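In what follows, subunit A forms one complex with subunit B and a second complex with subunit C.
Entry: the complex of A and B
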């Protein structure tokens, strides 16, 4: 038996050794190849591009891909292999691709994961590439927004160009406004909402006038008077505050808003289950359980939301539009460090921003098959095709470069939406800390503890479900015990450092 | 084949034959023995290989728990940071609460599930009509097959403030005020075990039931002839004879006592913050804390800590079992 034991150990050891070795080999190989491809005759390079899809993967993806490749092969001698991944599995999937050294050249990263990826070194630095190949990208962006996407003064990601700022406001079906005689011109700030809720409750006592704008969101998640600096742990009130970071939860404004929300909750203006709500805002409004919500605003929001809710909606802004880093870096494109040919990846990215043909294919599909032009620059489904049977009803134009890069808008949206967006972006106020991103790495122990405390209290407080007089002091003292002051101090340090480079 | 092996075993266990034999002969015998076992080794190979690839190879990844993991440098190239990744688990004010909750809940689950499942299994055994046995078995097994997310909605249908059955039908009938279940932590130490029991009792019952079915009927016949009552039969025959299975199941559960059913503690309370005092366990704490940081090193550290504690607890539990009856111990 001993003989066999030794055999087992030997087997295990070799197995471990073999796996360890193969890993090293594959990495060295890949770097050799990228060097090799630069000199000598160029072969057509195939780029792998991973991005999330929010519905089913369109069945004509391959056709669209082939049409794109025809253009890209001619322009930059590269083809692209589109790799759509369902949103639920996206983070896991691309992390696996990165860790297992799978071929990946273009990657969509969201604001939630981008800092981690950069600090772990998984993304390529893009400054030189942007300088060399990125003219099309630079033309699309206002320079301040492209600069805002920098981390440590270097480009690691290219954001998509859509709304670069956000205001907050009330979203309500038009039928309630008309039926209950609500005069929305009277509503200009947060506390004026009470009048709207009162009108609704007076006319219909079964309905909850205010519901959260999504599962897991509080009311104040979509109403801000401060730059959250990424995570609301240490914020800049009024988007300025002379770059002095403060604890949001200790501010007087925060307490005032909570008191107001509590008052509304007790008056029956806020849905009773708001803190544990499991239904989407759409279900809540469609089933008549809720009447209105506070949400982020951008140009054309009323039309967009009307389609989503299946009824005509009215939007009333309550704040002015402000741009923070978070608004700019929503969904971004990055080039993974494992890419064998970052130059081609950048060239394709630039093409996606600047080439109308490629934008049209990615945004809407193939003309005649997935869309037809019904009037100038307005498109719709061809006859006999609709969202349910179209082979390419992706509708994710805000994810592929410039949202209006195709020059088309869908039938039903305003034809001058592109101009509206441009104006919105150009006139929005800029937060004083626009471009700053916090790196939580040095205070990660405190960060996990504080995240837990916020999770524990925020939703209940910011929906009015609990009494702020009792719970807010408890919340603040727990935050302090968990080390929020250490995080704020670190944030201030990083912000000062950042400001000195501007 | 079986015959020769038994002979081999006898041969090996015979001290006179093996240990006093000259070395050369012993080696020869060993090789011959090994040759006889070859078919068995071949049969063992797929399972062993699976175990190696699936359970042992990934253990290499444990080093991540002690490293400042960096994608560029890779697992081996990243810098060692000692126990820094573990700090966040112990430095917080919640360390006590999450450890207490994890241990108390899981400990209570083990006792409650085992006692109830053995009880139900004995009851099932008393049913004579096969049709009903099958029927009851299926009914109590169904919850085990339902996903926790679905369970959380079923619970929500009962406990919701606006539309829940309890608040809208049952409590008013009894003349009681509605309760905000998802805001009151004090009720959850009762709610969670009930849900856990409802969900997992079917699985345990089937295991214990099959163990009971394996008991020789002659024991019961003999006991009946001697005038033993049903209760005495259960106490003196059924439970002692299935105790090896009970002990094994308990030991296996103890190994996982530091892991908790994430769905039960996260989905079922709907992640309601006000309930954290009684619903926060190590897994949910780690999930919430690292959701934003996404630090692989810290997550591995938490997993490592959980498995080490589980491992030590199994060793201790097994030691206790072995002290009492050697045959029932796992190893």
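Entry: the complex of A and C
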């Protein structure tokens, strides 16, 4: 028995050792924090800020963080602990952090997850805080856009300020336009595209003129003439329709578009396996399997896409710019209820929107090390540095407050991009339902059933792969059987209710 | 050899050969894709006979070697330390459980068995490990959760001890004056090399291939293992190609994502050591299984 006891002691000792080693770190952390308080009696608060990164985590994150902290400590007596999380793991990790009450003060939430977080009560209400500390934020936004991000008439999230509206148009590499003599001024609406595709096909019969703008997307996913009200189940045609919700798939316009797509598909203008394609649009265009795509448009899109595709691209808008709730609520900042100090969190948010120094650090890094100013307000990598070896090539300026809050644009983009954006946002048409968000909870069962039917039919119909004369009626009757009318009725009810509060 | 048995030999060999070919083909394709030219993959898809070869992917990895070597170091450290500690704990737990004179032995065995059927679920597990043991963003996050001691391995080893170490051997050791520790280290362990090697190999493979712990407990990329890097690249690409809303914003990031061939090359680099090491362990693995079955 003595030996058994000894064994037990050994085991416990190992366990203790393991936990002791790791515990140490957190205690040193907190002592750091208390030493740091120099502003009178109040202790400096450390904000934990979680956000996704779309590539590798920059290796100089700590340096940038330290530089930010120097400013924020002075201004609001708070420091920030940047917690970049790789996008693939982001949803899982922040959900675990929230459910286990880990300290988290600022959280990036996307339009996909925001409704769930609000209905679970995971986010603080921000109205009072915004009133008290949010002047910098309010200055950046046109009031109608900031209001559009409300849920149930209350602020839970602060959207980032970038493009608040979207138009749709054609993206095509410049080499095809030049080589095949395509006159893009002739193209002003959807059906004019036929001319472009004809020209491409005539000159190069191997290539599919039109490809989907992403894996799992149909052609019509990026061409809209209606406010999808979040999910395209029950929509507002022409962004107005006197707030009468209709079934998109039954409308005459929808059928017309499908017929056109079918005609193009049969003429060989649309990629043959568009409905089942697994290659990204970039791979398709780079490899010369596809020539053009229909995509969302915003100012400076041609330059952006040229970088993305690695070749010069031309953009031709086909619709006017409209703003819907979805355009405003893209990526947003929220303050989780696990935050111990929501005031400081809000103050930091405000600082991020209004303080040029902090914006510069978050957007581009440290001057001289990660970027240099090459001409007025235009920046580029310092000598010997490029995207692959820079310590802070995050390029996510559209995610930290005001996209143009730094006052800089990267070399290669138009120096007056900020003005273009401002103008774009101010002149965009507003959907009559801007600010409305549908809560699908009351019709959960129907919603799942209808979504499944849509998944089954949409891709093949909206790429022209099947004959709409046969399949569209079948699609509609299955939607009815799944209960789409119930959803539309519920949506109408919620929309009326929402409208009565405006 | 009679005609009958010869025919059987033929059939079984053909069956086994085709199964192994099916196992080898994907590996072959993986390796060939990693040395294919990027353009030929984009145009014609993956192929065993690409139009042109290129070593660009490996040159890219060589440029990024700082990060990769570090990740390799992490993987090796985690595998070695994790397997050693795990093996020691498993043996130290399994041996007493195999002894018939252990008080409450049945109860303790049941406790181990219980963990095979039920666990706390992800959220409570995460809570305990991060809030109480505080292993988030430490190297222990890759070693301790899930992988360190596995109830199944404990029971496997316990059964081995019970079946292959005769009580008489332990008794004779005791008569010769050996205490429990001496009996365990000098008699039981040397006799149990096959099972130690088997479980050691299982654990090594589990540690080498694990990316789940890194996904859950790590946000600090300097602690990423090679599998975490590969997993991160794959999920990033998957996410960005199927969510064009985000992708529209991140043109610059997308243009810097590793291409298909580079992904394949990373997979090859990650998998190579385990393929090289496997044949050396294999003889123990076979022995461990046969010894268990004879007795």
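The rule we apply is simple: the second predicted complex is superposed on the first by the 461 of 502 C-alpha atoms of A that agree within 3 Å, B and C clash if a C-alpha of one lies under 4 Å from a C-alpha of the other, contacts with A are read in each partner's own complex, and residues count from 1 in each chain.
The rule we apply is simple: contacts are C-beta pairs under 8 Å (C-beta built on N, C-alpha and C of every residue); 3 or more make two chains touch, one makes a residue touch a chain.
Worth saying up front: this structure is predicted, and the values here are computed from it rather than measured.
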{"item": "Touching partner for A:451 - first (subunit B), second (subunit C), both, neither", "value": "first"}
{"item": "Partner with the higher number of touched subunit A residues, subunit C or subunit B", "value": "C"}
{"item": "Which of subunit B and subunit C A:96 touches, first, second, both or neither", "value": "second"}
{"item": "Touching partner for A:288 - first (subunit B), second (subunit C), both, neither", "value": "second"}
{"item": "Contacts of A:439 with subunit B and subunit C, given as first, second, both or neither", "value": "neither"}
{"item": "Which superposed partner A:116 touches (first subunit B, second subunit C, both, neither)", "value": "first"}
{"item": "Partner chain(s) touched by A:216 [first = subunit B, second = subunit C, both, neither]", "value": "both"}
{"item": "Overlapping contact positions on subunit A, where the subunit C interface meets the subunit B interface", "value": "3-4, 19, 23, 99, 216, 289"}
{"item": "Residue ranges of subunit A in contact with subunit C within the complex", "value": "3-4, 7, 11, 18-19, 21-23, 25-26, 54-57, 83-89, 92-93, 96, 99-102, 110, 162, 213-217, 222, 279-283, 286-289, 295-296, 298, 304-305, 307-310, 330-331, 387-388, 393, 395-396, 398-399, 410"}
{"item": "Subunit A - residues contacting subunit B, complex", "value": "1, 3-4, 12, 15-16, 19-20, 23, 27, 98-99, 112-113, 116-117, 120-122, 216, 231, 271-273, 275-276, 278, 289, 337, 440, 444-445, 447-449, 451-452, 455-460, 465-466, 478, 481-482"}
{"item": "Interface residues, subunit C side, partner subunit A - complex", "value": "39, 42-43, 63, 67, 89, 92, 96, 102, 122-123, 126-127, 130-131, 133-135, 138, 140, 144, 179-181, 215-216, 219, 221, 231-232, 234-236, 238-257"}
{"item": "Residue ranges of subunit B in contact with subunit A within the complex", "value": "30-31, 34, 41, 52, 56-57, 60, 69-74, 76, 87-88, 91-94, 153, 156, 160-162, 180, 182-183, 270-274, 276, 280, 285, 288-295, 298"}
